[in-house]
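In what follows, subunit A forms one complex with subunit B and a second complex with subunit C.
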Partner chain A sequence: MKSPLRFSPLVLSALRRHRLRTWLTMLSVLIAFLLFGLLQALNHAFYGGVKSAGRRILVSMSAESLVEPLPRAYATEIAAMKHIDRVAYEVWMGGYYQHHSQILYALAVSPRRWLDEERRFLLLPPRQESAWLKDRSGALVGNLVARTYHWKTGEIVPIRSDIWIHPNGHNTWPVRVDGIFHSTKKALGEGILVHYRYWNDGMGDPNDVSLLRVEVSHLRDLGQVARAIDARFANSPSPTRTSSAQTFIKDFINQTVDIGVIVEDILAAVFFTMLLVTANTLTRSVRERSGEIAVLHTQGYSRPLIFALILAEALVLVLAGALAGTGLAALIVQGLRGALSAYLPYLALTERAILEAVGLALAFAALSSLLPVLQVQRLRTVDALRRA
Partner chain B sequence: MRFLRETWVLLGIGIKSLPRRLDVVLVAVAGFAGVVLVLVAVLSIGEGFEQTLTATGVPDVALVLRKGTGAELSSNLTLNDTEVIGGEPGVAMGPHGPLVSPELLVVINRRKRGSRVETNVPFRGVEPVAFVLHPHVHLVAGRLFRPGLNEVIVGRSASQSFAGLALGDHFRSGHLLWHVVGVFSDDGGVHSSEIWTDLPTLEGAYQRGDNYSALYVRLPQKADYAHFRAAVEHDPRLNVRVEPEMSYFAKQAKTLSTFINVAGSILLVLMGLGAIFAALNTMYAVVADRSREIATLRILGYARLPVLVAVLLESLLFAAIGGLAGALLAYLGFNGYEASTLANFSQIVFHFRVGPGLMGAGITDALILGLLGGIAPALRAARRPPAEAVRTL
Partner chain C sequence: MSSTQPPAIQMTEVSKHYRRGDETVQVLDHFTLTVEPEAFVALMAPSGSGKSTLLNLVGGLDRPDSGGIVVAGIDLASLNEAALTRWRARNLGFIFQLYYLIPVLSAARNVELPLLLLPLSREERHRRVEAALTLAGLPPERHRFRPTELSGGQQQRVAIARAIVTDPPLLLCDEPTGDLDRSAGDEILNLLKTLNERLRKTIVMVTHDPHAATFATRRIDLDKGLVGERRPAA
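Take a look at the complex of A and B:
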C-alpha cells in the first residue's frame, strides 16, 4: 500500500499553474470564512446568554405585560407548591449612572435567595458577602461595572432609576458598594444587586416584584409546574405567564430583532457567490489541463483517481482559505472582546462555530469540484490528446 | 477621435465575443450582484426603521415627560400637572381650552401573527383632543371608540402584525375584554403599531387613578418653544422636562441605525474585497482570452490607451449589470418586508425600505469595485508587448 501523499506534487503543480488565480480564489474563500466567523460570533453575542440560564429555572411574570408587577406574596404561595426547590424574586431597577446612555443592569433582590442561586458562579470574598447581607442600602457590583466606572468598595454611588421614583420625588437611589464580585457567567459581571427591602421601603411598601424565578426539582416537571402556576393565578387580579428561563431570554431577543434569520440569509448569499468563484476557477483549470489529464489517463490513471486528484486540489484550495479566514475571524473577535464586553458579553467564536466552518469547507470543496469532475467524465481521451 | 474609434472597436469585439467565455463573466457579475444585494438589504432595515420614526409627529408639538425619565412608558404625570402646563405661555388654545393632550401608555402582551413569540404592544389612552395633536392619525376602517365601553381602535400595522387585533375582534388583557371597533393609520408613523382607547377607561383598567404618562402640547409659534420650555422647567410646581415631539421619536431610531450602519460598512469592505478578487480573476481570464486579438490590433497600429480603457469599460459593464441585478433583487425581495423591533420596551412595526437612493448607492459601490478589479488586468493588457503575445500563440 503506497501512501496517497505521493500524488501531492501533482496536486500542488496544478495549483501553481496559475499562481495569481490560485491566490485570488484562496483569498475569496478566506473572505467568505472570515465573514462566517464574524457573523457566528455576533450570533453567539446575541443568543449566547440563552444557554447560560439554568435549565430547571422558570420565569413567572405578569400575563399582561413585562412592565406590570406581581405581588411578592406569590413567591410564598409558589414555594408551597409541588416539585419546587426554590423561589426567588427580583425588581428591575431600570437604572442608569449619571446619564441615560450609561445603563446599569441593577436588580433589587432578596439577598440570601439570590446568593443561594448564584453562589456557585460567584467569586466574592466572604467578608464582603457578610457586609452586604448586613447593609440594607448596600450593593454587590459585578467586576465589569466596577471597572467601567472605577468604583471601589465602600464608595457610595447614586443609581438613578428610569422607573422608580421615591415618594419624595427623586429618582436617585444611593447605594454603598459593599462587594465587588467576579462571575463565571459573563453577563453577571455587568450586574448590580441591591436589597429588595431597600427598594420596597423607599417605595412605601408596595410589596411588588417584576418577576419570580422558580427552580423546579426535576427537569421533566418543568412544563407541568409552569402550567400549574399559571392556572393557580388565572383568576386573581394579577394573572401570571410562566415560561422556562431560556425561552424567556430567547423571546426577548427575538422581539428586538430576529438576528438569526438575517445572519443566515447573508451567509447564504456570500457562500453562493464564493462557491461560484471557486467552482469556476477549478473548471477553467481543468479545462486548460484537459491534455495533461488525457496523458495521465494513458499512463494508467483510472478515472476515480483523477476525480480524487481534482477533489484534492479543491480541498487544498478551500481548506487553506477557510482556515486562514476562520483564524483571522478568531483574532478579530479576540481583539474586539475587551472593547465590547460591556455591550456584547457573549461575543465569542465558539468551538462549535469553528467545527461548523470546517464542515462547511469540506462540503464547499466537494460541491465546487462537482462541475470539473463532470467535465472530465465527458472528456474523451482521444479528443483531448489530439487537442494537446 | 482615433482614440474613441479604437476604444469602441475593442469594446465591441469584447462584447461580441462574450458568449465564448460566458461562465467566467457570469461569476464576476454574480459577485457584484451578491455584494449589492446583501448591502442594500441590510441597509434597508435601518432606512425603514428611521423612516417610521422620523415620520412620527409634527413640528409644532412638544412632549412633556417627568424629569429623569427617558421614555413615555416610565414617565408619570398627574391631572394637576395638566392644569398647570395648560396655563403656561405659548400653548395654543382650542375651542375647549388649551391644546394639551394627556396620554397614558402601557404595554400589553400580544402574540405575533404566524409565530408563538409574545411581544409588547403599546396601548395608549387618549382624550378627544389627541386627534388634534396627532394630525396624522385618522380612521381608515370602522368607527371611533365610545368612552367607558372597553372599545379600542388599532393602528394598521398592529392590526396586521399581531394576533386578535383585526377589526371586530375581541381580545383579553388582564381581566378585561376589549373590542376592536376601528382601524387607524398614522401615515407611516409609530402610532400605527399602537392600540388606542379613551384615557379614563385605560386608567381604570390599570388602576392609575388620574395619573398618565406624558403630555403632548401644541406650540404654534416656533419662538414659543424656548419660552415654554424655560417656563415649565423652572416652574416650582412641576418636576418635568420638555422635548420636541419629533426629536423624541427620531432619537429612538439612533441605536439601531448606528448598529446597522457599522455592520453595513464592515460587510461592504469584506464582501467588496471578495467581489474584487472575483472580478480580478475574471478580468485576467478575459484579458488572457483576448490576448491574440488585442496583439493583432496593436500590431495594426492601435494605441495602448484604448486597450486599457476598453478593458476597464468591460469590467465596469459587468459591475453595472451585477449591481443593477443585485439592487433589483434586493428591491423585489426586501422592499416593504415587514419586521418589528423593541424600542423602549414596546414593539414598533416597520417596513424595510429599498428606495432609489439606496439602490443608486449600491450600484455606485459596484462600479467602484468594478474599477478596482479591472485596473490591474487592463494595465497588463495594455502593457504587454504585442510581439510577445503573438509568439505565445
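Take a look at the complex of A and C:
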C-alpha cells in the first residue's frame, strides 16, 4: 500500500518535462557506458589471459628478448633445482594458414609435459591423445581453430611460418590433425600444438626453445626460485629473465602499449564529462521546478522525500542510459568475437564488467544528484513561491 | 461553532521582518488575529503589506520573529520542520494564484499528489481524486486532461481539488482569482463559498480585489501590519 513505486509518475514527469534534454542526456550516458563496455571487453581481451595463467608457474625467457632462443638443456638443469615440480618448454611457431591474414597460434611443445600441465583444462578423447603422442608430425588442434577452417581429424594441413624456415629454404610445416580438443581456457581453443621434435628435426636440430615453463612446488617459493634460475644462468651466453606467468603475459602485452592505462584514462575523461552533463541536466531541471517543489512542500512532502525523488530521477536517467549502453556494447562484442576470435580470444564483456557498469551507474546517479539536492536543501519555500 | 472548539487560527503579537538588501522591512508588527472555525475570511491588503507572509506563517512555511501562532489548538512553535511538514499534509490545503500544477501530469495525477503521502490503496486514491475533482466542478471527461489543455478557471478548479483531496479543515488561498477574468473568478469564489458552507472548511483568502472579498463571511483590511475589520451586512 505504501510502495515507493506510487511516486513513479512524479519521478517520470520530471523527465518528461523536457523530452529532448532528457533524451540527449540519456544518449550521453549511453555513449559513456557503450565505451565502458567496449573498452572493458578490449581490456579483457588483452589481460584475460593474465588471470587464467597458473599462479605457481614461472616463465623463463632470454634476458634479451622473446625472439632470442634459449638452449633446451636449461630445462634439465632447472628441473634439478630445489622447489620445482615440473619444467616444460615450447617454441613459438606463430604461422598462418594459406594466407597471412589467417593467423595461427601454433606452439611446438614436449607433448607429454604439455599434456601433464594442461590436461585438467582439456576435453580430448583418449584415442586422439594417444594417436598424437605416437605421431611425430601430428598436431592437436583447438576446437575453435578446427571450426574456423573446417579441419577434421586425419586431415593434413600446411602451417606456414615466416619465422622458422627449413634449412632447404621452404617454410611449410605440414601436420596431421590427430586430435581436436575443447578447453576451458579460451586461448587454448585457438591453439595448435605440434611435437617439439618435429620442429627441431625440421630446423636441423638446433635444440633451442622460446621459453621454459617452470612449475614451482609452493607459491611462497615463486620469487626465490625465479631469482635462483636467473642467477644460475647470469654468466652464460644465454642469460634468462624469469617472472611469474601472470607477470610475463602482462609484460608481453605492455611491451607495445599499456592498454590498462589507456582504458582507465579514456574512461575517466568520458565519465567525468558524463557526470557534468547529467548533473547539469538535473540542476537545471530542479531550478525550473523550484515553484512546484515548493508546492510539494506545502502539500506535506518532506525535504528527505524530495531528495529521494531527485535521486530516483537521476537513477532512472543514468540507469536507463547505462543499461542501453552496456547492452549495446554486449551486442557489438558478441558480433566482433566471431570475427576476431583468432586475434583476441579473450574478447568478452564479462559478468564482472557488467556488474561494474551497474555499480558505476548507481554511483554516478548519486553523485550527479548531489548538486540538485543541495539546491533543494537551500531552497526556501516562501522565496520559491514568491519568485514563481 | 461549538463553544469547546479552539479557534481555527490564533495569532498573538506576531512580528515578522525581512531584509531587502540593506533595508529592513517590518511586514507584521505585533499583529493579533483570531479566526473562528468554519469562517471564510478575506484578508484585504495592497501589495507588499504582508498578506502572503501571513499565510506562510499560518501554514508553517515561515517562522515569526516573535509572537505565537496556534492553529486548531496546535502551537506551531512546538513543531520542528519534519513535524510541521506532516501536520501540513493532514491539516492544510494551499491554493495559489498561479495554480502550480505539474504540466506533464493529468489533472487527476496532480490531484493525487498529496494522497501519495497517506497509507491509501490505489483504488482509494482514485476514488478520492474523482470525488475531489467532481466536487471542484471539473467535468469528468477532463479529469485526464493535462493542465495546458484546460482553461485558467479549470486549472484553478484542479488546484482546489488538490487542496481539498485530503479533506483538510483549513484552506489558505493566496489571490486565487488573481489570474482569472471576472466570470471565471466568480465561479471559483462561489466554489470556495460552497466548500465553506457545505463542507465547513475554514478558509483564509488573501486578495486585493474588493469584489472577491464580498464572497467571504468576514473581511479584514491589513495595512502595514495594522488591522481594520469590516463584517458584511447580514
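Assorted remarks:
The rule we apply is simple: the second predicted complex is superposed on the first by the 371 of 388 C-alpha atoms of A that agree within 3 Å, B and C clash if a C-alpha of one lies under 4 Å from a C-alpha of the other, contacts with A are read in each partner's own complex, and residues count from 1 in each chain.
Methods note: a residue touches a chain if its C-beta (ideal position, glycine included) is under 8 Å from a C-beta of that chain, and two chains touch if they have at least 3 such contacts.
In this text, all values refer to a predicted model and were calculated from it rather than measured experimentally.
Taking subunit A as the reference chain, the count of touched residues is higher for B when subunit B and subunit C are set side by side. Contacts of A:174 after superposition: neither subunit B nor subunit C is touched. Shared-chain residue A:297: touches subunit C; no touch with subunit B.
Touch criterion met: A:272 reaches subunit B, while subunit C stays clear of it.
Shared-chain residue A:16: touches subunit C; no touch with subunit B. In the superposition on chain A, A:158 makes contact with neither subunit B nor subunit C.
In the superposition on chain A, contact is made by A:7 with subunit C only, not with subunit B.
In the superposition on chain A, no residue of subunit A contacts both subunit B and subunit C. Every residue of subunit A that touches subunit C in the complex is listed here, in rising order: 1-2, 6-7, 9-10, 13, 16-17, 291-292, 294-303, 305, 381-382, 385-386, 388.
Across the complex, subunit B meets subunit A through its residues 23-24, 26-27, 30-31, 33-35, 37-38, 41-42, 45, 66, 68-71, 73-74, 76, 106-109, 117-120, 173-175, 206, 239, 256, 266-267, 270-271, 273-275, 277-278, 280-281, 284-285, 339-342, 345, 347. Residues 20-21, 24-25, 27-28, 31-32, 34-35, 38, 63-68, 94, 100, 160-163, 165, 169, 171, 237, 239, 241, 251-252, 254-258, 262, 265-266, 269-270, 272-274, 276-277, 280-281, 283-284 of subunit A touch subunit B in their complex. Across the complex, subunit C meets subunit A through its residues 52-53, 56, 59, 61-62, 81-82, 85-86, 88-90, 92, 94, 96, 98, 100, 102-105, 109, 113-114, 116-117, 119-122, 162.
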